[in-house]
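Sharing a structure below in C-alpha cells format, with a few things to ask.
Order of writing sets the labels: A, B, C, D, E and F. Residues in every chain begin at 1.
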C-alpha cells in the first residue's frame, strides 16, 4: 500500500515534470525536467521493485542513477561547444 | 556416315570460324580457310543424300536442354535440301565475297567472315533440327550472328537499319515464336517434328489452332509476311554478299523453311485442312505477295527492289504452306530451291555492278549492258527464272504451286499468281531492258568493264544453276514430297 | 504481521510506520517539487524548487525503502543509489544552471513582470 | 571425423564466413583480408555444394544448434529450396572474391579495404544464415546482419550520392525489417513458438484469427520491401547504381533473391499454400504487383543513361518475373520462379561484373562513356553481350530457360494476361540491352580517349565474369539438372505447405 | 569541459563506480538482470563520460582505437570460438555441455557473455570515437574538408 | 491489488509515451528531440519494468538513456541540428503508412489473447515449461533470460553480436579517419 502511494505520488510528479518539459520554454528548462524525470524513474523502479517483491530490479535503478548523468553532461557539453569530442580549454579555471 | 556427323556438320563452321578469326591478318589464308570449310561442308552434307534418298532418317540427340526436350538433330529430305542449298551457295558466296570485299575496300573483313561462318552454321542447324526448340535455338543464333553483318558499316544508317532488323526479328521471335512453342509443348506435350503433326489427338479447336498458327507465321519474322517485312529492306545496308547469301538465301529461306516445317510436321497438312486454321494466312500471303511486288516497282534502289521482290517470293512459299495441300507445300519447298538460285544471282549481279561501276540505283543502269554483258546476261536468266518462264527453275515451282491450289479448290490463288507474275515482269525485266536497250549516260564506262573474276564466276555458276534445275525439278519435288507424305 | 508484541514485533511496527512516513513525505515533497517546476516563474527559481524538493524527495523515499530492506545486497544497492543520486543530481543541476547563466538566460527579478526569463 | 564434419556443415557454412570477418579486422591488411574472404567464401561454396547433395539424398538436412532439440533450440533446416539459393549465394560470393581484389582497390582506400572485405563476409554470412535457418526469428537476426552490412557497403560507393542512396535503402530496409519483426511477433503470440516446422503445425489452429492475418500481411510487406517489389522498389536503383562495382555485383545477385527466398519460405512453409493463396488473395495481389514491376521496371530501364542504373531497373522488372512465378503457387510456377531466381542471380551478377570491369577501365558508367569499348575490351564486352542476351531470353542462355519455365507455368495456370505482360517486358528488354550493345560495338571510341585507357580488365575480374557467363550458358544448353532440382524444391514447398 | 571543476571532479568520482558496476553486471548476469550486452554498454558509458569530460583525444590515449578494433573482433571470435570448440569436442555448435563434465552450460555462458561484453563495449566506444572525433571543434583542420565535401570525389567516377 | 496498480501504471506510462512521441514528431529543432528520445527511453524502460522484463528494461536504460542521446548529439556535431522541412506529399505518404500500420495493428489486436491470461498459446506451449522450469536443472542458473539467450537461443545471440560488430565496422568504415584520402592520396591527419 505504501509503495503504491509512493508510486502514485511520483507518477503525479512525473506528469507535472513532463508538462514542463513539453512546454519549455528554454532548452535549460527541458534539460532540468529530463534530469528530474530520470531521478523520478529511478524512484519508480525502486518502488516497483519493492511493490512486486523483486528486489533484483534495484539493479535497474542503479543503472539509471549512473547513466542518467551522462545524458545531461553530453547535452550541456554540446550546448556549450557544439561538439562532443572537444577537450575544452584547460587553462580556464574561473569556476569555483 | 554415323548420325553424330549431323552434330559435327553443324559445329564445323563454328569450329572453323576460329582459325578464320585467328588468321585475320593474312586475308588470303583466311579466305582460303573459309572456302575450304565451305566445300568440306558441302561434301559433308552431300554424303547424306544417298542414305536419305534411300529412306534413312538419321538422328542424333546432343543433350537435353530441358527435361524431355533435347537439343537434337534429325535429317529428313526437306531439311537436307535446305542444308544443301545453304552449303552449296556458301563457298560460292565466299568466293564472291572475297572479290567484293577487296574490290570495295570494306573494313572489318575478319569479323565479316567469322559472322558469315556462324550464320551458315545456324542455317545448317535449323535444317537438321529435330524439334522446334532446337530450331528456335539456331533461329536466334542466326538473327544474332547476322546483326553485325547488317550493321557492318557502323554508320548512322546501318545502325538505324540494324535496330530495325534485330528489333523486328527479336521481338517477333521472343514475343510470338517462343510462346507459341511453349504453348505447343504444353498442349501437345511434344515439339518434335513428327510426320502428320503433333496436334492430331489433342482436341485443339479451330480458332485456337488459327491463333497458334498465326503466332507461328508472325513469330517467324524471317518469313517476312506483311506487316513485319520491314527488316528485310533494312538489311540491305549490309555489304552485298550478305544480302546475297543471307537475305536472299539463308536467313529468309530459314524463315520460309521454318514455316513449312511447322505446317507439315507440327500442325500437319491434314489437321490444317480439317480445321481450316491456315486459311486466313493464304490471303495474308497473297496480299503480301501483291503488295510487295507493287512496292518493288517503285523502288529505284536496286537492292531494295530485290529485297521487296524477295518479300513477294517468300510469300509464295508461305502461300504454299498455308493452302494446306501436300503438293502446295512441296512446291513451296521447291520454290525455296528455285528462288535461292535466282535471287542469289540477282544479288551477285547487283554487287558486281556496284563493284564495277559503283552504281546502286536502277535509273543509273541505262546502257550498261554492253559494258557488263556477262553480268546482265546472268541477271536476265535469273529474272526470267523468278518470273517463271521455262526452261528455268522458277517455272516448275509456280506450276506446282498452282496445281496445289487446284487440289484444294483455291482457284483464286491462280489469279493471284498470274497477276504477280506480271508484276514480276514489270519490276525485274525493267533492269536488263534498261541495260541493254537504253542509251548509256555520259559517265558510263565505254568498253568491257566487268567486276573482278571472283565476282563474276559465282554469278555465272548460279545462273547456270537456274537452267540446270529446270531439268531436275521433278526429282527434287518428289524428294521433298517423300517426306511430306504422298503428293496427291 | 503484528504477530506478537515482542521486541522484534515492536521494531517491525515502528519500522513500518517510519518507512510509511518517509515514503509519504517523500512523495509529497516530489509533488511539491513538481508543482514548483510547473508554477515558478523562471529557470532559476525552478532549479531551486526542483533541486531541493527532488533531492529531498528522493532521499526520503529511498530511505523509506531502506528501512524495509534487510541488511544485505539490497540495502547496499539502495545506499549506492542514494549516494550516486546525491552526487550526480546536484552536479547536473549545477552545471546546467551555470551553463544557462553563461548562455545569458536571465532570472526574472521584477515581481510585476511574471514573464518567463528567456533569451533563446 | 569426416562424418562429424558432414554433420556440422549446416552451421559451419554460416560460421566460417561469420568468424572470418573479425579475423579480417584483426588482420588489418588488405591482402590478408582478401585472402580470408576468398578462403571463407570458397569453403562456404564447397559446403553449400555438399549440403545440396545431402539435401537431395536425404530430402531435408536438419541441425540442432546447441543440441537443443527443436523447437526448444534453434534448428537449421536445409531442403532443396534453401540449398539452391545457398548455392547461388555462396557461388556468387566465391566468384566475387576473385573479382574483388582489383575492383575494390580502385574504388576504396587501402586503409579501409580490410573493412570492406569484413563487411562483405558479414553480408555473406547473413545471407547464408537466412537461407539455412529453420527458425523465424533467427531469420530476422541474419536479415539484419546482411542488411546492415549492405547499407555500409553501398555507402562506400565512389560518388557522394552513394551515401544518400544508402540512407534511402537504410530507411526502407529498416521499415521492412521492423514489419517483418512485427509479423513474427504476431504469429509468435498466437502460437508460442518460433520454429518454422512447429509454426506450420500450430498455425492452422489459429488461421481464422485476425492476428495471424495481420501477421501474414506484415511479413509479406516487410519482405517485399527487402525484395524491392514494385511499390517498394525505390531504394533499389539508387543503391545498385552508386555502390562500388563489386558490391553492386554481389548484392544484385544475392540480396533481393534471398529476400524473395525468405518471403516464400514464410508464405509456403510457415503459413501454407492453402491459407495464403486459398483463404487470402495473396496470389492475385502478388501477381498484380509482379506484372506492374515487370512493365514499369522495363520501361524505366529503357530511359536510363547510366548502365548500372539501367541494370538496376531491369532488376526491378526481373524481380517481377520471379515473384510472378512463385505467386502462381503451383508446382510449375514455384519451380519457374525459383529457376528465374537462380538464373537472374547469375545473369545480373555477370552483368554487373562486366560493367564493373568497364568502369574499372573508363571510370564512368554512362552509356555514352562505354562507346566503342567492344574493341578496346573485347572479352568484357562479349561477356556483357551474352549476359544481355540472357536477360532478353535468347536460347542457349539461362534466361531462355527461365522464360520457358515461366511461360509454361503461366499458360498452365491460365494467366494469359500476365503472360502477355511478361512477353512485352521481354521485348522491352531487347531495347535496353540493345542500346548498350550498340554503344559497345557500333559506336566509335571517343577521340579524346587516351591510349592507356585501352586494354582489358585485370585477369581476376575477367575470370569471375566469365565463370558466371559460362554457368549461364551451361544452364542454357543443359537445364535439365537445374529444372529437376527446382522441381523437387517446388514440390516440397507447394506440397509440404498445406 | 575541464573548466567545469565541479563536473570534472564529480565525474572522476563517478567513472570508477560505473566501471565496477559494469563488471558486476557482466559477471552477475546469471543471477540478476543483465549480462554481457548491458555490461558492455555500461562500460562504454564510463569511457564515453571520460571522453566527454576530458575530450575524445584524451580518451583515445586511454583506450586506443586499435584496442577497440581488436576487442570488437575478439569478442565475436570468443563467442563463435566457443561454438567451434564445442564442435571440436564432439558436440553440436554451442553445445556447452561438452565444455566440462559438470556445469558446462555455466562455463559456456560465462565465456560467451564475456565475448558479448567485449564486442559491445568496443563497438560502442568506437562509434562514439568516430562520431565525436569528427566534430567541428575537435578537428579544426577538417573544417576545410567540410567545405569542399561536395567535390571530394571530383577525380572519381563522375 | 498489484494487478490494478500495474494496469494503472501501464496506462499512465502509455499516455506519457504517447505525449512524448507526439512531441518528438512535432518538434522541428532536433536538439530537444534528442533529449526527448532519452526521456522516451526512460519511460519505456519503466514500462518494461512494470511488465516484469528487467533485462529489457536494463538494456533500454543503458542504451536508450545513455548512449543514444550521446550519439544523437555527436551526430548533430556533424550535421545541422534542425530538421529540413519535408514536402507535404512525402509527409502524406508517411502519414498514410503510419495510419495503415496502426490500423492493421489494431485489427490484429482484436483477436489477440488477453493480456496476462494463463491460457494464451505462449503460456501453453511446451517451450514455456522448458524455459521456465527445465532450464533450472539443465543450465543451473537462476536468470532464465540469460539461459534462454545464451544457451537455448545462443545462436541468435551470436547473430546479435554480429549485428553489433557489423554496425561498428560499418561506422568505422564510413566515418573513420582517412576517408578522404582515397586512391593513393595519403591522408593528411595522423
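We adopt the following convention: a contact is a pair of C-beta atoms (placed from the backbone, for glycine too) under 8 Å apart; a residue touches a chain by one contact, two chains touch by 3 or more.
What you see is a predicted model, and the numbers here were worked out from it, not measured in a lab.
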Field: Least hop count linking subunit A to subunit E through chains in contact
entry: 1
Core chain by centroid distance, with centroids computed from Cα atoms only: D
Message: From the centre of subunit C, which other chain's Cα mean sits the farthest off?
response: B
Field: Most distant chain from subunit A by Cα centroid
entry: B
- prompt: Distance-wise, how many Å sit between the C-alpha centres of subunit A and subunit B, to the nearest whole number?
  reply: 89
- prompt: CA centre of subunit B versus CA centre of subunit C: separation in Å?
  reply: 100
Rounded Å distance, subunit B centre to subunit F centre (Cα mean): 71
Message: Need the CA-centroid distance for the pair subunit E / subunit F, whole Å please.
response: 19
Multi-chain contact sites of subunit D, meaning residues that touch two or more partners: 11, 18, 21-22, 25, 65-66, 107, 158
Query: What are the residues of subunit B that contact at least two other chains?
result: none
- prompt: Listing for subunit C: what residues touch at least two other chains?
  reply: 80, 84, 88, 91, 95, 98
- prompt: Considering every pair of chains, which are in touch?
  reply: A-C, A-E, A-F, B-D, C-E, D-E, D-F, E-F
Task: Show which residues of subunit E lie in contact with subunit A when the two form their complex.
output: 1-7, 11, 14, 17-18, 21, 25, 31-34, 38, 42, 45, 48-49, 51-58, 128, 131-138
Task: Give every residue of subunit F touching subunit A within the complex, in rising order.
output: 1-2, 5, 9, 12, 16, 19-20, 23, 31-32, 34-36, 38-39, 42-43, 45-46, 49-50, 52, 54, 57-58, 61-62, 65-66, 69-70, 73-74, 76-77
Message: Under the stated contact criterion, what part of subunit A meets subunit C in this complex?
response: 2-3, 5-6, 8-10, 12-17, 19-20, 25-29, 31-33, 35-36, 39-40, 42-43, 46-47, 50, 55, 58-59, 61-62, 65-66, 68-69, 72-73, 76, 79-80, 95
Query: Okay, in this complex, where on subunit C does subunit E touch?
result: 80, 84, 87-88, 91, 94-95, 98
Interfacial residue positions of subunit D with respect to subunit F in the complex: 11, 18, 21-22, 25, 65-66, 68, 71-74, 106-109, 111-112, 115-116, 118-119, 122, 125-126, 129, 135, 137-138, 141-142, 144-145, 148-149, 151-152, 155-156, 158, 163, 175, 179, 182, 186, 188-193, 202, 206, 209-215, 217-218
